[in-house]
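Naming follows writing order (A, B, C and D), and every chain is counted from residue 1.
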Amino acid sequence: MSGPSRELPRWVDLGLIPLINLIAAFLVTSLVFLAIGESPIESVGIMLNGAFGYGSGLGYTLFYTTNFIFTGLAFAVAFHAGLFNIGAEGQAYLGGLGVALVCLPLGFLPMVIVIPLAIIGAALFGAAWAFIPAYLQAKRGSHVVITTIMFNFIASALMIYLLVNVMSPKGSMNPETRTFDPNAHLPLIHDVFAGLGIEIARSPLNLSFLWALICAVVIWLMLWHTTLGYQLRVLGANPAAATYAGMKPPRLIIIAMLISGALSGFLALNEIMGSQNRLLLEFTAGYGFVGIAVALMGRSHPFGIVLAAILFGALYQGGADLSFDKPTVTRDMIVVIQGLVILFAGALEHMFRPQIARLFQGSRFKAREA
Amino acid sequence: MEWLDLIAQVSGSAIRFSVPLLFACLAGLYSERAGVFDIGLEGKMLVGAFTAGTIAALTGSAWLGLLAAILASVLFALIHGFASITHRGNQIVSGVAINFIAAGLTAQLGETWFKLGGQTPQLTNDARFMGYAWPFADALRGVPVLGQIYSQILSGQNILVYLAFLAVPITWWLLYRTRFGLRLRAVGENPAAVDTAGISVPSMRYAAVACCGILCGFAGAYLSIAQSAGFIEHMTAGKGFIALAALIFAKWRPVPAMWACLLFGVLDAISIRLQGVPIAGIGTVPVQLMQAVPYILTVVLLAGFIGHAVAPKAGGVPYVKEK
Amino acid sequence: KPAVVYDLGGRNDKSFNESAYVGAEKFKADTGIAFQDFEIQNDSQREQALRKFAERGFSPVVAIGFSHAEAVKKVAAEFPDTHFAIIDMVVDAPNVASIVFKEHEGSYLVGVLAALASKTGKVGFVGGMDIPLIRRFACGYVGGVKATAKDDEVFQNMTGTTGAAWTDPVKGGELAKSQFDRGADVVYHAAGGTGIGVLQAAADAGKLGIGVDSNQNGLHPGKVLTSMLKRVDVATYNVFKAGQDGTFKAGVTVLGLAEGGVGWALDDNNKPLITPEMKAAVDKAEADIKAGTVQVHDYMSDSACPY
Amino acid sequence: MASTKAMAAPPAIALAHIDKRFGPVHANRDISLEIGKGTIHGIVGENGAGKSTLMSILFGFYQADSGEISVDGEVTRIMSPTDAIKAGIGMVHQHFMLVGKFTVLENVVLGAEGGFVLNSGLAKARRELERLEKDYGLQVDPDAVIDDLPVGLQQRVEILKALYRGADVLILDEPTGVLTPSEADHLFRILRQLKAQGKTIVLITHKLKEIMAVTDRVSVMRRGEMISTVATADTSPEQLAELMVGRRVLLRVVKSEREPGRTVLEVKNLVVKDASGTTKVNGVSFVVRAGEIVGIAGVAGNGQSELLEAITGIRPPSSGEIRLNGKPLPCDAAEARAQKLAHVPEDRHRLGIVTSFDACENVILGYHGDELYQKGIFQDRRAIRSDTEKKMQDFDVRPQDPNLRLGLFSGGNQQKIVLAREIEQDPDLLIVGQPTRGVDIGAIEFIHKRLIAMRDRGKAVLLVSVELDEIRGLADRVLVMCGGDITGECAPETPEKQIGLMMAGAAA
């Protein structure tokens, strides 16, 4: 978002530069591999192959991608309205509750009914959890960053209570609900394909991936092609101008947060309804926080977010494969590598920009002067 | 008498809770007052805690441990600076990256170096900052109020606790009474003004993030070689984020920052104390509710009394001269 | 080739994952047979890891922790010829060995010791998270205490509601301190890394701590009364061994006192702390439980604790 | 240039072949200029001509791509403001470089604190300020917080900053853009005083009147080039204007007599408080009728801003009533627009535009709801674009690129876009604040024409401006505001002196 505004050709801005950053990131990662005496080429090879090289690997990559699209979009929407919603974690957690409350009692209904209901459930609960911080920000000016942090903690407390004392079957060891009835399972992509007679490798990738893509498009349309989106962006860019233009900031703040919360809630569609088929502790696994990085690295633009989400999905899945094949590469190493990629592909995205800019502007004057 | 004791004890533990928050919160204050947002506090604390644990274990000296912690966490702070000041990267992304790298690296190195399952070796007491009792502490324990304050709150804390609370007036003085502070606040409000006044914006901001690193080092060291006797992976357990909340709560001012951190400490201490204790009328409330109390109350207080918190004007925005 | 899949806590959780790792390492040392292990980062990796191991012909594959149940059930069905084992949970399948422990029995014993060691008649318990498994520890412990000193008080605290609850020694220390403030002088923890802080606090305050899972007496010699042993290491070792010499058998194994699956640690570190009377008392309790004359209540059986 | 060479003492500043590009923009083209010691040197030019850039280079804020600078005849490398300050050059920037939350004193010492611990430095600065106050009549409370000060005083602080650093050459970029006539007069008195003390002053302004009044020599810039430098005595506003714009410019407003029609806006005992709760407008009443321009004159900060905000629905009034076309007007900016009230805000950078958005998105600001811009549930991009293009044409906004970020337009052009947006709505009532602030004469002429045209189309216009000439030129009636009251009404022909008195509070 920030940085020198010397306009560059779009393809350079959105294509070349990110590519160069990625390469830089992998070069640094290679150093890490060398440090632990692993061949960088091979390791990176394994990661890439693990992420994209074979069916179920790709499946997992896209499965994670789904999570990141949801949380990334969630952050971006609020961010465009100038709000810093770091409560995706808690909102997603509650979204899970919404999904469960639909899927447990109504699992007997036909899928075509359960799925829409579950989507609504996820959205409602996610949004509801975002509402209080939103309201307090809008009416009392209570900083949304604190309130959302707090609500993450409150959510985890609430969910443990429910899962242990209320929702888990009597005498069960696990703080988790029973498995949903088959109708309340979001169809897995490989099953769908199997239905069409096509065999593809199995993975938790499920229909919510499509829903995520749809959401990305819808959010894009909403932000740049509707009056609502326009108002949100004005509010974010210049609140005073928003008032001048007769908009209602408090209302907009709440709307933005509700949308954001609902999107976070959808995380549960993928994790709970699509993959685990039961509500369990801490299924959000930090996707909410990573979503912040995803959104910002995607320049808060839905399509950028989808790309960033794929990158992170690949990191997660490729990393898993790597640590699987190379015992020396522990889970913690993977985290380091993810961190390095975020640093170089994200925070240091402008590192090579000046040089490149010089290259291109040089050529562009000539064009102008001539 | 009974409840006086209770209060004394609760405040004692409240203070211990608030110290790491206070260090981290002040750390964030330096950085954010200079216009550099930092959600990487968590990570820097973790790095500090790890290095402190390691060096203290190797050298057997708490002070060397502290020093190392500071150096390490400053290093990470400078990385944050390099990304967000020199290269105008997004400060949040950089912070997230720092947290990732710190979490992974500390756990990994701990395991490879000590083979103790991500732990650093158990420290002997002389390699730690131990609380030491003030004279007559025990004698005065019986004396109501003053005696109790003296013996149960003031006395018996470790040196870092005193340093943490000393850091508050020092920070206040630096910020409001020195050239450094003036420039630091200015660069967080209107970097262009600082630039035209012939001061280098980057170097000011680097100085600020360095201060942030130093204090995070203290916070980390407190966790691993004062409160505990060694580092355990992920031992910061989200304190960095609470510190951030405290910072906003305090509207980026040092003294209120102290009160905010103490508040969090008190709430935490109380919630611990009330766990499983039947409350008149209600009976025993679920543990989870008690555990959520601090967070709920924070929100209530925030909504009820704190109101609008305005961040430093130039916060989060990299300084670009040629717009 | 055997393999282990740890729970989210990870290989170094200072708890059952870690002792599984210890068992596996021992197996490697004894037999020279290498094993492979995997630390999951999120729930979707459970199934993935198990399947990968199975695909690559690993067997037996040991899954640590009840959360693996669903995944094991699924994958075991896909790979009937692979041997699986799951710790802390029962999965009913022809190729799955389920190993569960009677933590309550072990906890009962350390409860007895705690009661005897306590001079104030107040003892404490610090759990990681308020989940059934931990309540089972707590319940057994309370049982032991009450059985020994009917009107002793037991303070219970849970650390937190997020994963951090297992890795927060500072908070653990505070919980212990607050219990000491209330008069406790012995504290038992079932909180993984958090427990390190509990034991530390006990040592610093000159009180007694009680370790869990593995033998933690050595952490603060003379300051740790004893440790409740939960021999996940042995279980893992045995599964590996069985896998190696083809004696693997599916079905449920319940490891209690009688089977030596749980117990209390006595070594040079805590010998001075355990008086002959204490020893006698705890031995008697052990005998009674083995004989069945004393039934330690299992929290799981009815999600309630009568003590 | 030969004539200047002839001067005895070396020039205080000599710029030689300065060239500067901002990416594609060629802001300064091979500029050479000499500024004599102890003179006041004016620089004029259209918006975007390159004035600010040139001065920023001299001040070391930007670096020239080529060319060299000599101070007192010696070639000096000015790589940063520090160098400039060392060389005795001080600058008062067009957009003030002050820290709003700081006190005057803190702002003055910033960067020249003298010593690590402040209080000694502050004490010294305090004494120094008192001295400067005496020497130049630059009164300002050292402990006041900048945000609470009117722009005039803020600017004074900027000057003090420069003097405090011992500047011998003082650059002022559009200093009077934000000043009331009286404030401006005071400023010029100060400048003359400085000159008398042997200081050299460079003055950038869009107001030829000021050039004529205070400068010794004046340079004209156009499109990044230095067109010419002449002795002020040998030139006339008309000539300068022509040099600047490249065509003849009409410097005074021509308007025909016109009979005002029905009442459009009616304000009755309106009371408005500001954020801090202090009453800014206490019980003013007036009407604006169709086909007339009512000008509100007054020293900035006497309630005009709050009055406008209340009428336009941005700030809720605490009592009183506002009627538009007879109907009561609720305090709601959106509703106000719906009732055909258009508003050109005083502070465009803060209210009127979103600099990070492109022209298109700024043209629909406030009217984003209009069905003209809608296609079903979506915005009609094509319609918006063509509408924008049309407006940019009508108001000849340059560059005429609907997709250019507004921040990249010059203030003049930004202002034109705002005016285009509001005027083209063909409202019944147009409320305009400071329509020509920071705008070059070409644009001023154009904007004034447009406002007259509105009025001649039988629309009501309420004009607030600190430019007395502007008000006297445009308005049919003049209301004078002072201390939140309307202290009098008079005809535009009323002599400036008299209006000035009324502005100062003397009853009409």
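Following the convention adopted for this analysis, a residue touches a chain if its C-beta (ideal position, glycine included) is under 8 Å from a C-beta of that chain, and two chains touch if they have at least 3 such contacts.
This structure is a prediction, so every number in the text was calculated from the model and none was measured.
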Greatest Cα-centroid separation from subunit A: which chain?
D
Centre-to-centre distance between subunit D and subunit C (centres being mean Cα positions), rounded to whole Å
75
Once you find the CA centre of subunit B and the CA centre of subunit D, what distance in Å lies between them?
46
Subunit A-subunit C separation of Cα centroids, rounded to whole Å
36
If you average the CA atoms of subunit A and of subunit D, how many Å lie between those two points?
46
Residues of subunit D that touch at least two other chains are none
Which positions in subunit B are in touch with at least two other chains?
107, 111, 118, 233, 288, 291-292, 322-323
Could you say which residues in subunit A touch two or more other chains, in rising order?
5-6, 153, 157, 160, 330, 334
For this entry, which pairs of chains touch?
A-B, A-C, A-D, B-C, B-D
Please name which positions on subunit D make contact with subunit A in the complex.
21, 23-24, 312-314, 332-337, 343, 345, 350-357, 361, 364-366, 368-369, 374, 377-379, 381, 405
Along subunit B, where are the residues that touch subunit A in the complex?
79, 82-84, 87-94, 96-105, 107-108, 111, 118, 233, 241-242, 244-245, 248-249, 286, 288-289, 291-292, 295-296, 298-299, 302-303, 306-309, 317-318, 320, 322-323
Under the stated contact criterion, what part of subunit C meets subunit B in this complex?
11-12, 14, 18, 130, 155-158, 160-162, 164, 167-171, 173-175, 177-178, 181, 193, 196-197, 200, 204, 219-220
Quick one: which bits of subunit B touch subunit C in the complex? Just the residue numbers, please.
9, 12-13, 16-17, 20, 107, 111, 117-119, 122, 130, 223, 227-230, 232-235, 237-238, 268-269, 272-273, 275-276, 287-288, 291-292
Within their complex, state which residues of subunit A touch subunit B.
1-6, 132, 136, 140-143, 145-147, 149-151, 153-154, 157-158, 160-161, 165, 289-290, 292-293, 296-297, 330, 332-340, 342-343, 346-351
